[in-house]
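So, here's a batch of structures to check.
One chain, subunit A, appears in both complexes that follow, with subunit B as partner in the first and subunit C in the second.
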Partner chain A sequence: MRKSLAAAALVCGMGVAALPAAAQISGDVVKLGVLTDMSSLYSDINGPGAVVAVQMAIEEFGGMVAGKKIELVQADVQNKADIAATISGRWYDVEGVDAILGTGGSASSIATMRVAGEKKRMFFAVDPASSDITGKLCNAYTVHWVYDTVVLANGTGSAVVKAGGKSWFFLTADYAFGHALERDVSAVVTANGGKVVGSVRHPLNTSDFSSFMLQAQASKAQVIGLANAGGDTINSIKQAAEFGVVKGGQKLAGLLVFVTDVHSLTLKLAQGLQLTEAFYWDRNDASRAFAKRFGERMNGKMPTSIQAGFYTAAKHYLEQVKALNTDDADKVMARMKSTPADEPLFGKAVIRQDGRKVHDVYLFEVKAPSESKGPWDYYKLIRTIPGEEAFRPMDQGGCPLVKKS
Partner chain B sequence: MFELLGIAPQALFGQLLVGLINGAFYAMLSLGLAVIFGMLNVINFTHGAQYMLGAFAAWLMLTVLNIPFWIGLVLAPLVVGLFGVVLERLLLKRLYHLDHLYGFLMTFGLALVIEGVFQWKWGSSGQPYPNPIPGGTNLGFMFLPTYRAFVVVAALVICLATWFAIERTRLGGYLRAATENPTLVRAFGINVPRLITLTYGLGVGLAALAGVLAAPIYQVSPLMGQNLVLVVFAVVVIGGMGSILGSIVTGFGLGLIEGLTKVFYPQASSTVIFVIMAIVLLIKPAGLFGRTR
Partner chain C sequence: MTNNHTLRNILLVAALAVALAAPWVAYPVFLMTALCFALFACAFNLLLGFAGLMSFGHAMFFGMAAYFFGHTVKEWGWRPEFGILASVLGAAALGAVTGALAIRRQGIYFAMITLAFSQMIYFFCVQAPFTHGEDGLQGIPRRAFLGGLIEVKDDRAMYYVVLAIVLFGFAAVYRIIHSPFGQVLKAIRENEQRAISLGYNANLYKLLAFILSAAIAGLAGSTKAMVLQFATLTDVTAAMSGEVVLMALVGGIGTLAGPVVGAFVIITMQNYLAAAGEWVLVIQGAIFVVIVLAFRKGIVGEIGDLVRRRPKPGPAGSSA
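Presenting the complex of A and B:
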């Protein structure tokens, strides 16, 4: 503690005196913390694969940046807000973690972003979906990296409404993420002339959805919107098939579906689902090359968009530290927000004032078993959605950081 | 058209039936747990993991050895039950003379280890197990998948058979006597430790059987038993620790109550059973069917 105080004093002193050259790295080490769901229903989407992705980024730097060693710590967030807050606080304060990446579901991620805001340290919100992270809850030290609920609404939601699905019934995970997704998709549905006829909220990590399927069938809605994720979505889709939901003429809209979910469900059950993702491993040469390296270390599994996000977030952060020769959060953040990025996996991107990273996203459809050429060949591209169209305009999110013009 | 508390009677009927189906799983699992507790005095927290092992065993048999569901339904519980026997011989039998807490910690730790290993190997999303009897019947008020109907019938048969075996047969009589007074029973020339081992194997086999039945409905996932074991434990406590009939009746009953909660206040569906447990413990500490010892 005394050592880091001394270092902090030194850093401040150097700032005042504007001494040139010497790297200003706190604690003489650049420390990244991966705090994510390592053991529960989302852990195939992020989990150990997220740690591997960050390791890959660190290795590309040879384990060193600005002449200092890069270290990686990891922990299981269990998707619980209190655990997220406790670990984040300890990492920033005691263990000298410079940037946290993660941190599980939206509720636990929002807990981390509050801590990051208080401690004025970097937080890459790679896991969560809630658009409130760059809306009313935004802060100056959080970057929302891959996607959010508005993107899912503008992508999948809008495509389903435009294809004629006018009346909706929501099956919603009962916490911050589900609520945000239901709200954002409902807005798109109503804006496109559709209506929401009902919804039911299930606890996170539910295994039996049969009761909810009956309620969804009784609603007579044309579309059943699944505002949940991971294991919950998989079980919903599986049991919808069992209860003849699709055969009965209703359409399922999986609002947040990852490639690992499709893999678990098999194409037979998942075919025809439309979904919105910012990354698919088989989209271009760069993504295939990354996926190959990732798969070699992950038992042949292909990366999800979130795992790819962990890789690019870590890499982008380290690039800023390298360019600035410091891990000072304010300076790194200022540079990230002022310099547009162009990297192989997510393409051209800007990080806005409210912390939203904006890049193109893609509307995919899950292939039929006959169309698939082999393992993990699951998506066909329907449409590329330009970033400006996909993400919520900055002035509509209610983020206090955005200056009203 | 009259409505009951805001929902149509047909919808209510469907929900009750669905609740019954879930109750069938609770009954089967709590039955095994109750048998083990009643006979061995061990709170078997590995039960959820053993349920998962049953499902995984059936899935591995299907994908690796091409053994169809119906054979897996018999074979998987035998294999997992055998695993239970080994577990009892190696570890559990050393704990009988100690406080409940030791057995609880041991089985809980084992469950974490087993689930951890499976998650490391197969991930969290789960493996697909095809439905052996797809299709269903439209009952007018709901669409009843044939497989779920089969599960309810199978569960009832299994529960009644177990109850009969323990309460009405000679072997069951030995078993009950052995728990009541092992020294005396041993004096009659009956191998009590072997009896206990077999009982544990039976309880574990029941969990695995429920797991195989669950495989086509839920994804076969390392975590599938994790939440269930808590619910089932609550069922056993409500029914009365060790009471076999109690666990069967409570299992089905709580399935129904949980099903209704999913209609009236779905957010509470994961907690309602624990609320009931608290209330029952306040009024009748030995559980609904339990005897105070």
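Presenting the complex of A and C:
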């Protein structure tokens, strides 16, 4: 009896000693969960394309990492924070998901983020815009991957002023997001030597911008900033074209515009619009190669910056697992924050202590139809904005993780 | 009659046993969310099923109570039980104001007035700073219940607290329906003129029912905010008002257990069909159409009919 106990102890001891050498993969499978908007207003920007992007990343690893299988689960967040919280909790707790990517709008992403912090598992906030994610709400298990409201303001605001757009007029959606965007961009514009000559607030989800457009035209501002999003942005750009705003010499600055928005607007209406994005499919060889493979699976659609973000986030995560031989969230996170990344789509990037991924972003202008050489040839590069300039400095976000270190 | 009673008691005990054992089988947070929606649907059903008032704005009580809870507990540091109490009173007050105006009209006009109020509340929440707009009021702390007596950090412990709150809500609805007050409500639902001619002040009864329903919806909303630790705009949208109608319809309007079953069906679909991606809403819509066309009385209503129609109740009849 005693002998067998000793033997058992020996075996256990050997097991423990042997552990660091063998892969430490929880549940013997590396599971990625894509929880995003599949059906409603953001599904063009992320949606099914995001799932395809993550699949592409997994296939590049041959479906295996650290000798274990990689699995993918997906779900529609239905734009509800309730669903984000319950599904992420269930994925982490019951289904053994190691990392979640997503998760739709800001409310649902912040909900997932809190669950990730509680369960101590990885969360890649690819979708949301709220800069609070790496500000006062930050936690140690969340990486904010692509962009945030500060970048939109800094990028478009300062870049447009530096490119000569000195006087601004704002068309602002009358709710918290619009107000915040107007306030942030105004601050950036004034700090860079520009001036704000006026603004007008329009109701959320409005279809008639005519009176607002007339005021914007009458202001004689060089730049009309669109501090709104989604359908409101699309409608205001359409009606600006009808009123001949761009032809009259004023420029439109879209603060939250994706390449799919330009696609649905067409170049005729969107031409001359300036916007900031972290990724454009036609920027370099690597992005073109990725876009080509993506397009083959998505009926010729080109990836948005968010979909590219899903791909790189999944890939980057799997690379860490491969290098460390473990999917332990603490170790993966420590390595991500200590080693700068250099990957073809977003270029050189660091992940800061507060969870912010910092990379270069770009100011683009939408081409005129005559300049466009083919389908999806929409942007021309105006300026590359270095990451340190575009993102909010870490000490200004109010993230508690930063104070500690 | 006695047979029906024993059957009902057996079902009740079985349901209670299932409710007690559930968190060891299913994911507790999902169960708690479903329980809160079940209570919300019961509150709605109290109004539609027993007073005949079709409200299209119940999300305002549910959602506002969630915000009240979040604000009192997070910003003012109140204990959760006081937060819930404040939310229930807040929802009842909101119900008193909107109800007093809405019950002056009937049928579709009543529904439209409630819808208008809930849209006003929605736009208020979009703009008001304390709701934090699209980000939602996030990170409401989970404090121990009853001054530290019941620790609720663990999801299963939380589940039993929520179960107790929700059962209290169910009991309140049951008590209201089976009281003389509930009988008068039913009389008003069947024939308002006759109830008035019998000397009942129909408007007062309707207003009281409206306030009670708002308060219970508020109890559900604040409990949900306590469980999920946030309150967001989703809970005050018109879509949420529609969803609770759907829950009541699927389960069976005018039955006690109907809304509970309906809520569980809808919430389960939203959570477990989510992997079907863009098809969730289509499936939800298809089920709605099938139920409206084929099972007019909802799941529980139809089963109830089936049991009642049986000439001699067999032991196999309780498999529902």
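Structure notes:
Note that in this section the second predicted complex is superposed on the first by the 297 of 405 C-alpha atoms of A that agree within 3 Å, B and C clash if a C-alpha of one lies under 4 Å from a C-alpha of the other, contacts with A are read in each partner's own complex, and residues count from 1 in each chain.
By definition in this document, contacts are C-beta pairs under 8 Å (C-beta built on N, C-alpha and C of every residue); 3 or more make two chains touch, one makes a residue touch a chain.
Every value quoted in this text rests on a predicted model; they were computed, and no experiment measured them.
Judged by the touch definition given at the top, the superposed model places A:A218 against subunit B, while subunit C stays out of reach. After overlaying the two complexes on the shared chain, residue contacts for A:A85 are found with subunit C alone; subunit B is out of touch.
Residue contacts after overlaying the shared chain place A:A176 against subunit C, while subunit B stays out of touching range. In the superposition on chain A, A:D360 makes contact with neither subunit B nor subunit C. Touch criterion not met for A:D282: it reaches neither subunit B nor subunit C.
With both structures placed on the common chain, the touch criterion links A:S39 to subunit B and to subunit C.
Once chain A of one complex is fitted onto chain A of the other, the partner contacts of A:L137 are limited to subunit C, with no touch recorded for subunit B. Contacts of A:D377 after superposition on the shared chain: neither subunit B nor subunit C is touched. On subunit A, the surface touched by subunit B in one complex and the surface touched by subunit C in the other have residues 39, 43, 47, 174 in common.
If you check the complex, the residues on subunit C that touch subunit A are 27, 29-30, 33, 126-127, 129, 132-136, 138-139, 224, 228-230, 232-234, 270-271, 274-278, 280-281. Those residues of subunit A that touch subunit C in the shared complex are 35, 38-39, 43, 47-48, 51, 73-83, 85-87, 89-90, 93-94, 105-107, 110-111, 114, 130, 132, 137, 174-177, 204. Contacts from subunit A toward subunit B in the complex involve residues 39-44, 47, 174, 200-203, 205-208, 210-212, 214-215, 217-218, 230-231, 234-235, 238-239, 242-244, 248, 260-261, 263-266, 269, 301.
Every residue of subunit B that touches subunit A in the complex is listed here, in rising order: 8, 11, 14-15, 18-19, 21-22, 116, 119, 123-128, 131, 134, 136, 142-143, 145, 147-148, 217-219, 221, 223-224, 227-228, 259, 262-263, 266-267, 269-271.
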